[in-house]
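Chain naming follows the written order as A, B, C and D, and within any one chain the residues start at number 1.
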Amino acid sequence: MTRALLALIAAATVALACAGAATAQEELKIGAVGSLSGGGTAWGLAIQRGTQMAIDEVNAAGGLKLGDKTYKPRLVMYDDQYTSTGGKTAAERLVNSDGVKFILGPAGSPPALAVIGVTNPAKVIVLSDGYAPAILKNEAKAAYNFRALNSNVEFTPAMIAWLKQNMPEVKKIGLVCTNDAVGQAALPLLIDAYKKAGYEVWSELYDRGTKEFTPLMTRMIAQGVDLFDLNFNAPTEAGLLLKQARQAGYKGRIWQVGGPSVDEIMAVAGPLADGFLSYDVFDFDSPAAAKFVATYHKQWPGIINAQAPAWYNAAKVLFEAMRRAGTTDVDKVRDALEKLDGYDAGLFGPVRWGGMADYGVNHQLLLKFLIVEVKDGKRVTRAELQPEQR
Amino acid sequence: MASVIGAAARSTRPRISALHGLVAGAALLLALWPLVFGNKFLLALATLVALYAIGAASLHLIIRTGHVSFAHAGFMGVAGYVAVLSQMRLGLPFAAALPLGCLAAATVALAIGPLILRVTGKYFVLVTFLFGEILRLVFTEWTAVTGGSNGIFDVPPPAPVFATPLGFYYLALGAAVLCVGIVARILGSEIGRTIDALREAERLAECSGVPVIRWKVAVFVVACALAGVQGVLQAHYLRLIDPTTFSIVESLNLVVMNVIGGMQRLAGALIGALFLTALPELLRGYVEMQRVFFGIILIIVMAALPGGIIEIGARLRALGKAR
Amino acid sequence: MFTPTLLAQVVVNGLSLGAIYVLVALGFTLLFGIMRVVNFAHGAFAVLGGYALYYLYGQYRLPYILAVPLSALLVAVISLLLERCVFRWFYQKMFQSMIGLLGLNMALVFGSVIIWDTYERAIPPAFNGMLQLGGVILPLDRLMVVAIAAAILALFWLFMSRSRWGLAMRAAAQDVEIAEAQGIDTLSTYRLAFFIAIFMTALAGGLYAQIYALSPFMGDRPLVVAFIAVILGGMGSIPGAALGGLILGFTESFLSTFYGATLSAFVSFGVVILLLIFRPWGLLGTPE
Amino acid sequence: MSRLLETSGLSRSFGGLRAVAGLSFAVAEGEILGLIGPNGAGKTTAINLLSGVIKPNAGRVVFAGEEVTGLPPHHLARKGLVRTFQSTVVYGHRTVRENALRGAFLGLYPGVVPAFLGTLRARARRRETEDRIAELLAWFGLDHLGEAIAGSLPYGRQKSLGMVIALAARPRLLMLDEPVAGLAAEEADQVLETIRRIRQRGVTLIVVDHNMRFISGLCDRLVVLHHGQELAQGTPQQVLADSAVIAAYLGRGHGAA
């Protein structure tokens, strides 16, 4: 706690100093938008911390050399409050007040769509996250925005194929999700995917913020579901759904095509989480991750949100594109980004762009992912899968 | 506090022209500054302040009848969705969609008003709180029409002129001046004096021949229609419409604007709109601390100035008189 | 679908849900009933109670039976400072209290974010097993909440109706001026009522955090639940809060099981609105 | 004399308590009718029923040949049925003149559009009303207090202001709820005089009070209430001679008041 406070005081001092000292020479502002208040705060902090780590790395190596200039990147981040108004205001401020040309985030469809409405006309590069297909599939043909994390469109088909192969006894799928943007946009696609694969599906939406699912679980059990998919539920809700499903007497399998929230589920559900299978974006126990985890914990204690490495990755990808373009010129950096296939930022393997078949533009960063299982309170990798490049 | 109004109501005749001059000067300043300073972020912020001024002022109108509505953002949403849908699905021009949206908000207000306006004080707060939640649930659940939580995006600009930030600022400013002007005129006329009367002594006013419920409903309907203007314009400003813009948090924001600015005067609502829209932006630099500061500022203002920021003026005047 | 086992399960679920709601609503209704303060910071005190239990039980491993009351006591004692600096300004001021305490809620919640970060924590359950009777299941941790809620309710009722302090509180709730004329020290009565209200809220928050999950944003839901339960039963009425919480629990259990969560939300909001229009003082409150 | 107001079988109960039961009487145009009875006899309920503040469970009220049972107060005020309140009910934060203007709502308010636009007609109405109010205030000796804040006036003055507010609505029938309660004898005599002058202006009056001496000196006819029911009705002489009235009323020691 003391450390957090000290860090805070330091940050405030730095912020004040920077505000006072006009623009430091050769400084390169990297914008970020994310939820720093309200329910999406964990995602916002993942953006902030992942990006900050990538920036620290560049600065520790003496800055970003582009052509004959050396830039010192600096993070400027604003809160979107997980609303469209907040996203728009944050983007307006970054673009028009701070003159930022590159933005990471936000996470979540409402702010992401609002941010893109500002940044695309202003020709500002955005690497965002959010499951709404419209983020990429828009009138501007994505233009200056990219998606830095897989959406369900990318990982669902591979996971269902794996399910068919490894658990042939499953017949009826139960799906419970929030009625927010994620649930309403992504769930129908997931239901279709299951149905196409020959499964029966029972589904139900609940109001965002609900913590008590026992009645719903009782309802689900009465429907004879034999695989319960926690799909796109936020980590806590996923954990509570699992715990309360078990407490209500559900005996079937539970997995999650979405999330990922394995740590949170283990924390919330304790021993009841045993046997749970999940989509996972990042193997924190892999050798490649060790350095990331150590660096992260130097600054912040506690559980690392699974999205933090992906944002770190996104920021590194952006910096590499700048290096290759040799300039901060937005159009040149964008072209370099699009041609970045094969560059390895260290955590997710070589960059692969996809999305042409689904969004009409190859602006979707395809990240390899895992299927993990909880065994005796530990996470065990069952399979490593790649999204299909379409 | 109310005695201040009482005294003012009588003795303002000569001062009104000075007030008008002040208002006209302020309007001129608001219209001209973007031409001098080109800061686009300030422009975006000023646009938001103008939009919120509409919502806060229209809520103030309801507050003057003695009811504090926590569903105001919900009515904005009704207008916003109706206008956007009639523009995008029915192909109506903006000039027709805007009044249609406001009419829709007014219709909902007219349907619910006679029922809920019989309830007073904290109970009204709770009724409207729940009604606002119901409206939000409708926006969220009626996916076929409202697009659900994803909302409706790529909302076209009202007209090509208003597609630029500067153009939209003038649209928002114009709408704000018009709406606030309507509210000010209502409150300054015999209508406003009757509204004050039915708040201060409902039974007495009723026995003097004021049809109290009918008046309250009428004011509620007008206020909700005006709030609709903000809802519609906000959808165009964001270029999208979704339920998060019209949640209980937004309604609460409008109430906070009124209370923190001062519930007794229209100017309080406007000060509150400015304060509450600008302050978080000023604090935004201190990412993690901003909300803590904001919370503490709310406490201090409410504890030190129960009548709102506008009370500072009255206090200073009292101080001046004391010397 | 309406099998006897399922119906019995619905009733049991409703009872366990209702017990949580009752606990959450008690502190809220007390503050309102006596000081006319709509405690928008209710959720924040629940959060503090959650973190207190997290440390005392989850980290320092105190015996459960001690950790629960101690954590609530800890929060209540520290909160006396807030009573002095914040709440005292807002007694008997409806709207100012709403906004001021909204500010307090923000400050406390985001202060918690700085101290404890945003990620969700789990407080280890005191009991892991499940009670199974016929086809009906009741997890032991829920059973414990039902027991605690019943005990608190009984103790509180005794305190309010039998003790001198309880009577003073009720007198102050009826009419401040008369109470003062009768020689009741309203300020210290208020302080005591505040202390008890925060104690109960923190206790409820601890149990809530243990059953669900703990984060600085945990408090939003208890606030809404307390609001609705208290409106149902009648603002300021203790038995009302108990009845309101139980009704809410049973309704949610029944409707969500048989008709789904969305309908359940619509119906409960709609019913409460109708109740407010036709009987604003709630089921057990008294009209003004 | 034509009947201005007539009630028959007017009843209202709260829960199990019958506050007013089967009340029937008539008021003639230009008359002063006294409604008396000890505390708790149902006088206030009766006036609330007549002014529309509460609705009856049974019975009828006819005003100027028109059935008005259960109509809301503002409707009755429009027809000319206006009341005062027992406790001082005024707009406490406003000036005396503002208070009187509020009472004159019906004459003052020109309709939504003229009021919003502030048309010439609206201004003319305001001027007319202000003149009328000035006269009323002078009549009640409040003219020099026009700019005083109503809540700061002494009790007696506030009661007078209550009457001004009611008279500003230009009633045909004015109901006064305990007009002298809490006043000194001297002030009460002034009120008595004022009420007579109100009648001279062609206003019919119903006066509710429990002060037998005050009311019998003032009224043309009396209706005596006891436990919500009519005990006697007639001229003051007839009523005072009624044995039931003496038993119920004087027997309780109120008569000397």
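Just so we're on the same page, a residue touches a chain if its C-beta (ideal position, glycine included) is under 8 Å from a C-beta of that chain, and two chains touch if they have at least 3 such contacts.
Given the structure is predicted, the values throughout are model-derived calculations rather than measurements.
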Common touching chains of subunit C and subunit B: A
Chain of greatest Cα-centre distance to subunit D: A
Inter-centroid spacing, subunit B versus subunit A (mean Cα positions, whole Å): 36
Geometric centre distance via CA averages, subunit D-subunit B, whole Å: 41
CA centroid of subunit A to CA centroid of subunit D, Å: 73
CA centroid of subunit C to CA centroid of subunit D, Å: 49
Residues of subunit A engaged with two or more neighbouring chains: 8, 37, 179, 207
Residues of subunit C touching at least two other chains: 110, 113-114, 262, 265
Sequence positions of subunit D contacting 2 or more other chains: none
Touching pairs among all chains present in the structure: A-B, A-C, B-C, B-D
Partner subunit C, residues of subunit B touching it in the complex: 68, 115-116, 118-123, 125-127, 129-131, 133-134, 137, 141, 252, 255-256, 259-260, 263, 288-292, 294-299, 302-303, 306
Touching residues (chain side subunit C, partner subunit B) in the complex: 38, 86, 89-90, 93-96, 98-100, 102-111, 113-114, 227-228, 231, 235, 262, 265-266, 269-270, 272-273, 276-277, 280
Residue ranges of subunit C in contact with subunit A within the complex: 1, 6, 9-10, 13, 16-17, 20, 110, 113-115, 117-122, 124-125, 128, 130, 137, 139, 142, 212-213, 215, 217, 220-221, 224, 252-258, 260-262, 264-265
Complex contact set, residues of subunit A against subunit B: 8, 11-12, 15, 19, 36-37, 48, 77-79, 82-85, 88-90, 92-93, 95-98, 109-110, 113-114, 117, 132, 134, 138-139, 179-185, 207
Touch list for subunit B against partner subunit A, complex: 39-45, 48, 137, 140-141, 143, 148-151, 153-154, 165, 234, 237-240, 242, 244-245, 247, 281, 284-291
